[in-house]
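Some structures to go through are shown next.
Below, chain A partners chain B and then partners chain C, in two separate complexes.
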Partner chain A sequence: MPIKFSHLNYVYSKDTPLETAALHDINLDIIDGSFVCLVGHTGSGKSTLIQHINALLTPTSGSVDVNGIKVMNKKDKKGFLKSLSKEERKHQNIKEIRKNVGLVFQFPEYQLFEETVLKDVSFGPKNFGFSDEEAIKKAKESLKLVGIDESLYDKSPFELSGGQRRRVAIAGIISLNPDILILDEPTAGLDPQGSNEMMELFNILYKNGTTIIMVTHDMDIVIKYATDVIVLKKGDIILECKPHSLFLNDEILKELCVEEPKPISFAKDLIKNGMKISLENVKDTDTLIEEICKARVKYE
Partner chain B sequence: MEKAIEITSLEFEYEKDSKVFSDLSLSIQKGEYVTLLGHNGSGKSTLARLIIGLLEAKSGKIEVFGKELNEENIYAIRSNVGIIFQNPDNQFIGSTVADDIAFGLENHQVPHDEMDSIIKKYASLVGMEDFLDKEPTSLSGGQKQRVAIAGVLAMHPSLIIMDESTSMLDPRGKKEIRDVVKKLRNENKDLTILSITHDVEEAFDSDRIIVISNGKIMFNDVPNKIFEHEKELLNIKLDIPFVYKLRNGLKTKGIDIDSLDEKEMVRLLCQ
Partner chain C sequence: MNNITLGKYIPYNSVIHRMDPRNKIISMIIFMVLIFLKFSSVPMNFFIYGCLFVVLFIVMKIAHIRFRMLFSQLKALWIMIFILLIVNLIVPGDESYGYFEFFNTGWKIYYSAIYNTLYIIVRLIIMLGISLVLTATTKPLEITNALEWLMKPLKVIRFPVHEIAMTISLALRFIPTLLEETDRIMKAQASRGVDFEHGSFKEKVRAIISLIVPLFISAFQRSGELADAMEARGYDPSAVRTKYRVNKWHTRDTICISIVLILLGGLITLSVMKIDVVAMIVSVVESWF
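Take a look at the complex of A and B:
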């Protein structure tokens, strides 16, 4: 399910004193099976951008094309539908997008609403036509994947800790097996082990063909998992690149105000001081250690 | 030394027979910066809510600046304590960012003509000076966290509890907030900080770290000592900072680097 943003603009509270232009002329292609990380300073427009992909927000102007279905504002969409044949129009149902695109919010509390954890996570599958029994089964599988213990199944989502809530919100979305999984800072609030496990889970989904689009401030995640990085600044896309080329270019890093992952900056210091290691191979502390060992063997 | 927080034999449960704390004791000195680390669901936010009296202990004693937490003292205690909640939306009262920061000030009898300059000062400290007229609830995640922090700092509390208050900021934004707090602590040596975070690099900056797991204190020591317990920390779902991981990892490969200073480590490795 390819995604294409064309000349998309988004303005919050248009024509009011609180008017805020959040995105300007966004043009972007996301190809199937990629693992895209969206980065950028506070308020740069990341959450606004991703909410267009499943039509939670509709563009002030321009469009997003999700597998041929156009997300547009009402007026534009009307005009667009007029230009189509009756047959083509049938394929323009936004509901199709909702079924295939799962989005986990930045604040998980805003997507939890059922009385119990288990009901909450099985709501989605039920809603998309699974029987009660199947939905419960799917919910239990997902809850297990995100590390939620059975003892919490009958609790209200509002009686959970922050990290537990985030896990339940993620379970609620992955129980739908979406083709495109959008995650807005999914590791914020998770303990270190939870964060690693969650990233490994997303990585497995990615390897099985799910497109992953993730907003994150954690550059360790970007370097380790992303196939592509998109950098936003004040509502503009200012860079699209591969993770390593982002961190290889010191000037760009400085200009973008992006902090490099610790293993990368350490590796760069080693190189500066004469050690021969290949920065391309450094993805985390373990791979950094491997590179150091290799370099020292060569040396000796 | 005077104590900011003194907790003795605390017992607490939300529901019958599932105790979050069965016998917790800890104390924090006035002027200390203490980080609370612990896995999801270990009881950190619960402890924060107990300290400001939003939850009531089943038994045990909580003292804040020498006053016992009870019905009589609760408002006096709260007027001295600022808490930044895990979800900033639980915090906003004002309809604009400026009102929200002002709200705390009004409660503290700040003269009206000083208010504007104080609001501006604290909004700029967190980089939100251009958003004073916006609604707090219609900001981005990171902007909300910044405003929540400004609102609490502006009240000049003697104790600030920060419950993952920078979880949605980038490393630089987190550092900026830490620097602001550092500056305030330099100006007021008695300012006490209790910080809850999952970021071990951030925890490294504190005077002391208390590690809890399932409602029990596992470690209570200076950061340097805490992070020497790699295995035990990993076992309770936590992590250690990069320099420790690197040093320990190299050691298992037979490379002994006796330093935790990045520059020195580079020098030793490149010899």
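Take a look at the complex of A and C:
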């Protein structure tokens, strides 16, 4: 399910005094099986960008192409549909996008509403036409994946703790088996352990072939998991690169006001002092230790 | 969701924006009274409504409010207007204006029913328009400030003026927040396959439940947090407090309220004395030819 943004513009409250341009001329390709991290200041357009992929916002101009289905504004879409044959037109269904693209909003625990955890998680699959049994089966699978104990299935989601509620909400999206999973700061407000567990879960999904697109401010996550980084600033993409190049680019780091992750700065210092380790392989403390060992072996 | 403009402050720097909110509230109330005055004849009623419309239009123009905004808000009222029309048509009306028979079925349709419905529509539009002018040009905080000032005399009978003003300002403050929240939850549920626009009645009810439950929960949570935050800062409703923003009465306010009062006086005179301006104009025009 490749995603292609072409010449996408988005303006909030167009034609009113509150008009604000959120994105200008975004051109972007996201290939299958990548783990993309979106970084940038608050208000740089990250959330606006990801909502387009799920057709929750329609572009003011330009388009997003998700696996051949175009997200455009009404006028453009009309023209586009006219150019297609009848057979092709059937394929252009927005619901199809929603089924294949799961979007987890920031603080997703606020979207829970059903009486029981299991019912809430199976709500999504039911909406997309799965039978009750299938939906329950999918719900159980995804609850297991996010680590919710079976004893909690029949509890009200509002009795759970904040962290558990977030897991349930994420399970509600994962139960749709999306090919693309979009996450808006999924680890915000979680303790370090909870955050690590959450990231490991997404990593498992990524390894199983799901494309992950994540908005985050946590550079440790970026370096450890991402395959690509996109830096946004005031509605423009100012950098699109591999995570390591991001940390070699001091200017951007300064712009983002972030400190580089500890393993990276440590590795940089080692390189500066003559140790031959390759920065690309350093993802966290464990990989850094491995690299140092390798370098030592070569040295001896 | 973002197309809801009711009660939204729109920042501009017009004369109306700069007016004293107390003046704006009083003027609005007087203007609303004007709408409900009854005149001697049907053409006269519509003539006066026309004049009020022109006044409203000018005020909206000065305040940079688009007419389109008013009509986008009327959309929700169409059903109500339709029901009103039906009720008015079924209930036997005032025969003095005459009636006609509905396609020879023996069902009498009174002209007064149609007039009454039209009156209500026009009144609704003008009322909405004038309240739109108030809310679009005055910050919610200014409105509550002004309300608190206007209700001051009620303190004598131990009416909790400050508490009410505070409650109103908090309620107003949370309208945009709740709208934003609604938008967010709608999007979150839409990405779980909820279709808020299409589907059968049962599906729609389910869609609404999936929106309302989370909305209520977050509203309760917010109010709890807000109460805690206010208490933590030592908020005491009975304490005497100074104001950061002090209302100032300018000459423009005096002028505005004078115009409104003159309008009020004039129209009351026309109404009480049963002066039919339209008939007078018609007779003058006729005498010319």
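The rule is simple: the second predicted complex is superposed on the first by the 262 of 300 C-alpha atoms of A that agree within 3 Å, B and C clash if a C-alpha of one lies under 4 Å from a C-alpha of the other, contacts with A are read in each partner's own complex, and residues count from 1 in each chain.
By our rule, a contact is a pair of C-beta atoms (placed from the backbone, for glycine too) under 8 Å apart; a residue touches a chain by one contact, two chains touch by 3 or more.
As the structure is a computational prediction, the values presented were derived from the model and not from experiment.
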* **Comparison of chain B and chain C by chain A residues contacted** => B
* Partner chain in contact with A:Leu56 - chain B first, chain C second, else both or neither -> second
* Asked: When the two structures are overlaid on chain A, which partner does A:Leu270 contact: first (chain B), second (chain C), both, or neither?
  -> first
* Determine, under the contact definition given at the top, whether A:Lys262 touches first (chain B), second (chain C), both, or neither. => first
* **Touched partner set for A:Thr16, first chain B, second chain C, both or neither** => second
* Would you sort A:Ile252 into first (chain B), second (chain C), both or neither based on which partner it touches? => neither
* Partner chain(s) touched by A:Ala188 [first = chain B, second = chain C, both, neither] -> first
* Asked: Does the superposition put A:Asn127 against chain B (first), chain C (second), both, or neither?
  -> second
* To do: Go through chain A and flag every residue that touches chain B in one model and chain C in the other.
  => 12-13, 17-18
* Contacting residues of chain C [partner chain A, same complex] -> 2, 10-12, 64, 181, 184-185, 187-195, 209-210, 213-214, 217-218
* Asked: Mind pulling up the chain B residues that touch chain A in the complex?
  -> 14, 38-41, 44-46, 86-87, 89, 127, 133-135, 138-143, 146, 164, 167-173, 198, 200-201, 234, 237-239, 242, 245-246, 249-250, 253, 255, 262-263, 265-267, 269-270
* **In the complex, chain A residues that touch chain B** => 12-13, 17-18, 20, 39, 41-43, 46-47, 106-107, 109, 159-164, 167, 184-185, 188-195, 217, 219, 257-259, 262-263, 266, 269-270, 273-275, 285-286, 288-289, 292-293, 296
* Can you list the chain A residues touching chain C in their complex? -> 12-13, 16-18, 51, 54, 56, 95, 98-99, 101-103, 105, 108, 110-113, 123-124, 126-128, 158, 172-173, 176
